[in-house]
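There are structures below to look over.
Two complexes, one shared chain (chain A), two partners (chain B, chain C).
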Partner chain A sequence: MMMSIGAVAAASTLDLLAYSPPGWGATLLKGLLNSIVIALGAYGLGLLIGIGGAFGKLYGGPVLKDLLAVYTTIVRAVPELVLILILFYAFTGVLNEALLAWGFDRVQISPIVTGIAVLGIVQGAYQTEVLRGGILAVPSGQIEAARAMGMSRGLLARRITLPLMASNALPGMANLWLNATKDTALLAVIGFSELTQATKQAASTTKAFFTFFAAAMVLYLCISLLSTFLIGRIEKWARRGQRDMRG
Partner chain B sequence: MTTNAQTAEQPIAIRVSGLLKSFGSHEVLKGVSLCAREGDVVAIIGGSGSGKSTMLRCVNFLETPSGGDIEIGGEKVEMHADGSPSNRRQIERLRQSLGMVFQNFNLWTHKTVLENLIEVPVHVLKCPKDEAIDRARKLLKRVGLAEKEGAYPAFMSGGQQQRAAIARALCMNPKAMLFDEPTSALDPELVGEVLQVIKGLADEGRTMILVTHEMKFAREVASHVIYLHNGVIEEEGPPEALFGAPKSERLKQFLKTVG
Partner chain C sequence: MGAAWPTGYEGLMRDFLKPHRIILLAIALALVAFCVLKLRWDWLAEPKYQIALLQGIWRSIWIMVVTMVIGMLLAIPIGLAQAAGPWYLATPARVFCTVIRGTPLLMQLWLLYYGLGSLFPTIPGIRDSVLWPILRQAWPYAVVALSLSVAGYEGEVMRGAFKGVPHGQLEAAKSMGMPRLTILRRIWLPQAIHRVLPTIGGETVLQLKSTPLVSTITIMDTYAVAGRIRQDTFIVYEPLILLAVIYMVITGIIVLAFRWFERRLPTRTA
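Right, the complex of A and B next:
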């Protein structure tokens, strides 16, 4: 009797997670894919902002430095959930206001683009700080050696400062990548169908809350484990030439 | 300014006149001058904080002078009235003709020795890569590091790193070499191997400006010695005169304390 209930439960769980309807597997995987695309896009956008922001904060003019300080202070002070709501409505609202004012029609911005923009702006602020710390930790003598040999600023930044900074910034940047993957879940509040939203939808329709959230947890864990593995490889490469001082 | 007899007719490689440098209100150089003709080895000596490094670093604008004139290979460096350089491209070009060697070697730690050597020739001087590698290998052989081309700096001794740094500077085929206390960070038993390399360069007629605490070595290789005290040249002349018969009380005192 017990056995058969267990078997029924297992069978129905598998049915629920099956790829094609009435299973919800496809919905979950699509949510997972959306989450990954957004995390990658936001992280990439954040990296562009972060590199520019870090160099700007260190070497920029006074106005640029002040603007960047305002940006990183605000973004890091406000809870991400609140930021996402503000940026989401600001991003779509302001853009459409501008378009209407210029005599264009409203546009429906793709949720993916919105998600990337919103999370990218958040990522950018944190990455600016991590990368700035990474640049500051580059031994000044090595930069001086490059200057003394007549390297131009751009070449020096690209060939010397960035690679040396990369190994300093890597642990912090790896953390931010994991944050980026998890922050995609916050987009559920604006109704975007990333993994968490898809899970919620499946769970509330079928009332199998535990099954679906457990499945979502496993998927998030997979992203994290895969990331950790890849980060380890990257870190090993970025630390080439460094001696392990821990003995 | 005096130079030794053999090089008196040689063209001027580096000329510094009336150089001023202040850090904030702290006046570090109070009008110092120097002239190195091709083949000259000018040694700068003096107590700690006397301004030796600052003077050397002004020559390739790692420090921005507060006033004075600098001329490299007959070309006057364009400066604003306050001494700061006004033409960054010119500075970058002139720096390529000056090989600088630092106290702390400053090899790039993310590159192997060979990569360190070819970095500037390939990416700045636009020299073909295989040519640069050939040249780098010859120089590594010359400084006794032929086997180390694939090593990362962190895995080498200080003496090896400094010899690699000298080879890196030579790789640009510079018109003159600038040394800032190249052996001060080395364990005593490693000083000799580096001095030997520098001596070899002096012997082949390289123009050099050398800041050093190694008095014996300065006496041996220099053609002209400058004694700096508190940002002023207190005494200068050929090494025999300066070390053999110092005139100023301060220099006598200094030579006594450094042995």
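Right, the complex of A and C next:
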């Protein structure tokens, strides 16, 4: 019932969603684009950290292993919102202090870069764990055989470990991609103009709160449905040549 | 546990305190000492901040527990509808799970609080109804949004749990002449819940990490209190560090509590 009342009240404000200026469509779509760019960047950065972290956790020295354990434990125990706030201030603060110390002027870092860096560090911790699990699930005989053939470490990782672990790690990595798209919404709290912030701005200007938040929900849902579809295709590709386990 | 594990306190300590760990611990202690001595903590001595922080922590935990319980109770019918329900129940349940899992919780919270909240006053008569004093406050929206979020994620987990119960169990119950509701109550539900119990600890931690979002709709939880302290005192880092430590401690307590709880659960490995 509440939803139907909402729909009726919202229908009268639907033209606010039009693309050109009286409507706020362009603002929302720009926010959506920012969200996607930040999510892609953060996921990419997280992948770099994750691959490094996973190999470090499995094959690194004792000090590296412990440091990585501290990193993944802290990041996974503290709420993303708190981490984003801490990293946001720490990232810009430390960088500017360093610049001042070396005799440069302070810089204003673009919000998108900050967002990518902050979310990337968060993603990296989760991806480290997922990728580590994926590597552990690679049959050890494969790796031993490659070592016996005299492959160097880099070649072994590139030709054997990474391709074989891909299908193991994919479900977890897919979940993390969806998390990355959803976590971009948290950046609204520190005032980045991504989709959530753009929506809030549009909603509080026009007072059509329900319309805009519902529209943004639809946009987020589109991202995740499209992602789920593409991930399904990728998973099929990564599992090519494997026996169907469903029997 | 196998015999390979070091037994007893001394074995644990020997296993933990390798030479490099002692150096790392020393560095960590130095960092902590630096934070305690060099950073500003005088605001912590003020009673008004102490009380506010304790109230905030209490609110965070309260919201986490209440929404977790309501969410799990909702998740059972949602999971059951998806696993065994007729299409007119299974489809809405699947759509619900997809929407909840496909959109940010912050957006859901704002849609309820700002969106629905701005529509309620336009409904004639609602200002005079008994519901109005409740609808005017923020916490009902927070509880509803966070509970629905748990229901969406756990509904999917429960679907898998219901489907994972061996078919022979249900067939045996049916051949004993049990009515369908009794099968659900005695056989299917207990085994499904037994399957998800190990995951609930992790889900509770995730739920704790979602609670700071309620500070965006004016609820003074731990996160909001830290923000207020930062505004009042112009101190940038220290309240944030304290905030992270508080959440880590609560997470640790949750993990330990569930580990203790799981050890008491009867399990049988074949």
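In this section, the second predicted complex is superposed on the first by the 233 of 247 C-alpha atoms of A that agree within 3 Å, B and C clash if a C-alpha of one lies under 4 Å from a C-alpha of the other, contacts with A are read in each partner's own complex, and residues count from 1 in each chain.
We take it that a contact is a pair of C-beta atoms (placed from the backbone, for glycine too) under 8 Å apart; a residue touches a chain by one contact, two chains touch by 3 or more.
None of the values given here were measured: they were computed from a predicted structure.
**Student:** Are chain B and chain C a fit on chain A, or do they clash, once the structures share the same frame?
**Tutor:** With chain A as the common anchor, chain B and chain C both fit in the superposed model.
**Student:** I'd like to know which partner A:243 touches here: chain B for first, chain C for second, both or neither.
**Tutor:** After superposition on chain A, A:243 lies in contact with chain B alone.
**Student:** Touch test for A:26: chain B only (first), chain C only (second), both, or neither?
**Tutor:** Neither chain B nor chain C is touched by A:26.
**Student:** Going by the contact rule set out at the top, does A:150 touch chain B (first), chain C (second), both, or neither?
**Tutor:** So A:150 only meets chain B here.
**Student:** Look at A:107 in the shared chain and tell me whether it touches chain B only, chain C only, both, or neither; answer first, second, both or neither.
**Tutor:** Touch partners of A:107: none, neither chain B nor chain C.
**Student:** Check the contacts made with chain A and report whether chain B or chain C touches more of its residues.
**Tutor:** C
**Student:** Output check: A:66 vs chain B and chain C. Expected answer is one of first, second, both, neither. What do you get?
**Tutor:** Only chain C; A:66 stays clear of chain B.
**Student:** Would you sort A:210 into first (chain B), second (chain C), both or neither based on which partner it touches?
**Tutor:** second
**Student:** A:141 in the overlay: touching chain B, chain C, both, or neither? Say first, second, both or neither.
**Tutor:** first
**Student:** Once the two structures are overlaid on A, work out the angle chain B-chain A-chain C from the Cα centres, in steps of 10 degrees.
**Tutor:** Superposed on A, the angle at chain A reads 100 degrees.
**Student:** Quick check on the superposed model: minimum Cα to Cα separation from chain B to chain C, whole Å please.
**Tutor:** Result, nearest C-alpha distance in the overlay: 13 Å.
**Student:** Overlap of the chain B and chain C footprints on chain A, residue-wise?
**Tutor:** On chain A, no residue contacts both chain B in one structure and chain C in the other.
**Student:** Which of the residues in chain A end up touching chain B in this complex?
**Tutor:** Spelled out, the residues of chain A in touch with chain B are 139, 141-142, 144-152, 155, 159-160, 163-164, 167, 240-243.
**Student:** Would you tell me which residues of chain C are touching chain A in their complex?
**Tutor:** Where chain C meets chain A, its residues are 18, 20-21, 24, 98-99, 101-108, 110-111, 114-119, 122-123, 205, 208-213, 216, 223, 236-237, 240-241, 243-244, 247-248, 251-252.
**Student:** Spell out the part of chain B that touches chain A in their complex, as residue ranges.
**Tutor:** It comes out as residues 60, 62, 92-96, 98-100, 102, 104-112, 119-120, 123-124, 152-155, 165, 169, 172.
**Student:** Residue numbers of chain A touching chain C in their complex, please.
**Tutor:** 2, 5-6, 9, 62-63, 66-67, 74, 77-83, 85-86, 89-90, 93, 178, 182-186, 188-189, 196, 199-200, 203, 207, 209-210, 213-214, 216-217, 220-221, 223-225
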